[in-house]
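Below: one structure in structure tokens.
Order of writing sets the labels: A, B and C. Residues in every chain begin at 1.
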Amino acid sequence: MRLIDQHCHSVVHDDLPDPAFASLLTESDRPPADGTSPWDSSLGLAVRRWCPPLLDLDPYPSPGDYLDRRRELGPAESTRRLLRGAGLETCCIDTGLDTAAGAALLSLDGFATASGSAVREVVRLEQIAEQASPGSSAATWAGQVDAALAAAVRDRRAVAVKSVLAYRHGLDITATRPAPAEVANAASEYLSAAERHGSLRLDHPVLLRHLLWTAVDLGLPIQLHTGFGDPDLTLHRADPSLLTDFVRAVEPHGVPLVLLHCYPYHRQAAWLAQSFPHVYCDLGLTLGHTGLGARPVLAETLELAPYGKVLFSTDAFGLPELYVVGVAAFRDAVAAWTAALHATGCPAPDSDRLAALIGADNSRRLYGL
Amino acid sequence: MRLIDQHCHSVVHDDLPDPAFASLLTESDRPPADGTSPWDSSLGLAVRRWCPPLLDLDPYPSPGDYLDRRRELGPAESTRRLLRGAGLETCCIDTGLDTAAGAALLSLDGFATASGSAVREVVRLEQIAEQASPGSSAATWAGQVDAALAAAVRDRRAVAVKSVLAYRHGLDITATRPAPAEVANAASEYLSAAERHGSLRLDHPVLLRHLLWTAVDLGLPIQLHTGFGDPDLTLHRADPSLLTDFVRAVEPHGVPLVLLHCYPYHRQAAWLAQSFPHVYCDLGLTLGHTGLGARPVLAETLELAPYGKVLFSTDAFGLPELYVVGVAAFRDAVAAWTAALHATGCPAPDSDRLAALIGADNSRRLYGL
Amino acid sequence: MRLIDQHCHSVVHDDLPDPAFASLLTESDRPPADGTSPWDSSLGLAVRRWCPPLLDLDPYPSPGDYLDRRRELGPAESTRRLLRGAGLETCCIDTGLDTAAGAALLSLDGFATASGSAVREVVRLEQIAEQASPGSSAATWAGQVDAALAAAVRDRRAVAVKSVLAYRHGLDITATRPAPAEVANAASEYLSAAERHGSLRLDHPVLLRHLLWTAVDLGLPIQLHTGFGDPDLTLHRADPSLLTDFVRAVEPHGVPLVLLHCYPYHRQAAWLAQSFPHVYCDLGLTLGHTGLGARPVLAETLELAPYGKVLFSTDAFGLPELYVVGVAAFRDAVAAWTAALHATGCPAPDSDRLAALIGADNSRRLYGL
């Protein structure tokens, strides 16, 4: 089964100290509680299960033995082996993050060379807006930002844009496009707060909405973080059902909306994908993070989601291990699902075609890859 | 196992063009996204699995071959075979919808003849109210509507009434009975909006509440749509837990409340059915729509729901295939559940009795069938 | 596997009439609907499966035969056999409830003698506050209550405190510590309402918040009821995600927060436990109540929850049977989970260590047992 990873991030190219490595095995950005380790988790076990054979170890070494072997090979060779082991045809990389656990990420070219995968870019709306904000005023902010977004999308040949509204505010926003005066007023508030706090972090709901509507004008598929992530978000405010009015408002424009991750609201996301022609969904980091849960979680998603609307991604970030784990968990879960279909008499060509849709063909069609 | 379908709809009696047939395989009322087909879904596979043998085909023909055979037999014979194959003892038909995919539905008599099932009627509150509204005024609306509801229930020997509050507003309403002056005021708003927009669609929350309380006075079980449905609703506003205050307000009246469908909030519905003596739940269209998910979804419902409070229904609509699929998915899921009970040592007479409760006996008791 | 029950209640020491016994097999405090029995439920079947062998019966006797045998042995002997059969090393008993189904509960000493388990106490915030309120005024309420809480924790050598905010208001509260003037004002409202209604039941959201912050000052782990329970709560307002802002506010204080029960929001609770170092979760009564669902529900929790943050409890109340069922369901679900890990190649020492963490070692570390 060929795989297109429709949403992922680059990986660290230097060796990480043990605690920094472990910190990328959890969505938490806090140190672990006393007496606990991020390795003792579904994701930790999944890394110990799937990755060691790519570094010539048997499955389930101790974390220490695994990290020793990784260092023995060196980060470049380990990264190369792991990414190539993931075997992805194309990676659509969200470039909104530059570092992981304080270490720099591979450039897109570096990632392509290491992985052997084709690489396409996903542009993060809030990042571009923050970079374009200095020097703007209430009156010029929207124009400056819109121009920067259009340029980023064009210059980087982006296949999609990405919104982190779930982190910056929650998905419970007003659906409609904000009027220019409302945007100018909000920009004024944002710029003066930015000066006051020395931070350009964009979390004004009106401006976040403005970015979404600028994205609608650009016409590329819009990927939206939904469901779990790091503690910067509040989970129930990341329920994709909260986006329903926005989904309805965008529908006449025909711009695809891609709900990322979605867990534990993946059944809700699946209903949205069934209900609205322009809505798609993936499970992102969920499959790698949930370990043995990958099978039921994929099955739950495929209860209501049309098979032509579910996409594959790893949402891998920082560690090449997360690519390996995301791919392995997906392949395993899809194999379990198709085996269950076969047991009902479904012919293999049918279930193979459906698996291929989800693994790559839906993304190929949606993003024109 | 005998089955009573406690909530369903009639079916189309004419041959449907292929796209119209496919449009009844999804809850969406929109055309499918480019490059996708409603057949590529859990429900599409379920139809291809369970229905063809009733039309002398092997399971899993292509959609084209299935529709060819269906036309060869003609819609009347296909409908007859499919409905009789479903083998339902009694169908409680919600007559609130007259057409499906633009085609007329069989009359209740026509349905009874085709299916060989006993037929009873469920009266939809909002439909009766809309039909009774013309010619009313703010002062007379409530009286006219209440009289029409009482007459409909009496003349049609209805076994239950049905509310689509979830579609028209969401389940997050004030719980208490609105005062007459509040109703009159709301009726005035509704009637002038109806004239302005040329539509009698009733979505005023005060009037929707009034209908529910009129139904409480009538004393029949009240079926309430909850959970997923077509894109007219917003999913998180259809969480049955939002009805809790209404459930409490109705409790002293002893009128049964039947939560329909419920997915993906079926665990919440099950808790309500455990907590409140007058609350019941079903899974409706969920079992047919979720395919391989029918087993876990039924099992999840039976985690907390008392076995004396879970009802069976198909919520089939438009296509007789949806009766076949709803029944087959339910029988399969119940069989898996009882097999799991047996594996723990539970005697067969026990599990058979429990399955019979859910399949028919609970409805027989609740509706006096 | 040794087990520490980190949240439970005492049990009745007298024989109960049949309906009273049955009433403890459901979270509902209402009589069952006509024609239904609490025995026809996942919990009813679980009691018939796991308990009879401890009273020398085969599994799955009729409820009547089971109760006959129980009476033949007498309540003291039955209780002794059942509690010892549960085999708990330590029970952390919430003493906030004195009776069950109208009958008195065993004292902590009585429970320790009957069970052979070590017993530690969990102090319920609202109960202590209600007992300390008489004789207070708006100005003195907070001081009196805070002193009573400090004394209760000290004198009883409590290992934790417990909040029933979910029952008294819902988890959707303001996160921050209320100012003294706000507390005094709320105390005034509470005390005059208490006098008016002749009830000290504490449900003022400001005072409930005050209790939580007093508990933060005391420094013991705070157990919070979340998820399902009896009909006194509204389920969607018991979603632990609603506590997120409170979780953030407590984080700098380092006081552990233990989310109890959590179902059907256990995946949300698991995310909180992954995200925040001071958050822990258990499944409490869920495993006993969900029967065959215990395996998937535990597995769903272990998707995201770090294995060092999940605790075991039965939340047993009133019937010693609920200890047996809670333990058996947990052991069975853990065994299924570790078997699934083994099937992926995970070595037995690893999975045994993880099971031991959840069964006892995490509680031992958290509560210093």
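Methods note: a residue touches a chain if its C-beta (ideal position, glycine included) is under 8 Å from a C-beta of that chain, and two chains touch if they have at least 3 such contacts.
Quick caveat: nothing in here was measured; it's all calculated off a predicted structure.
Q: On Cα atoms, by how many degrees is subunit A rotated relative to subunit B, nearest 5?
A: Superposing the C-alpha atoms of subunit A on subunit B needs a rotation of 120 degrees.
Q: Interface check for copies subunit A and subunit C. Shared numbers divided by all numbers used: above half gives same, below half gives different; which is it?
A: Looking at both copies, the contact residues mostly diverge.
Q: Measuring centre to centre with CA averages, how many angstrom lie between subunit A and subunit C?
A: Computed from C-alpha means, the inter-chain centre distance equals 37 Å.
Q: Mind pulling the residue numbers of subunit B that touch at least two other chains?
A: Expected reply: 296.
Q: Per the contact definition, I'd like the list of subunit A residues that touch subunit B in the complex.
A: Where subunit A meets subunit B, its residues are 239, 241-242, 244-245, 248, 267-268, 271-272, 274-278, 296, 299-300, 302-309, 337, 340-341, 344-347, 350, 354, 357, 365.
Q: For subunit A, which residues are in contact with subunit C within the complex?
A: 26-28, 30-38, 40-42, 45, 48-49, 59-60, 228, 230-231, 234-236, 263-264, 289-293, 296-297
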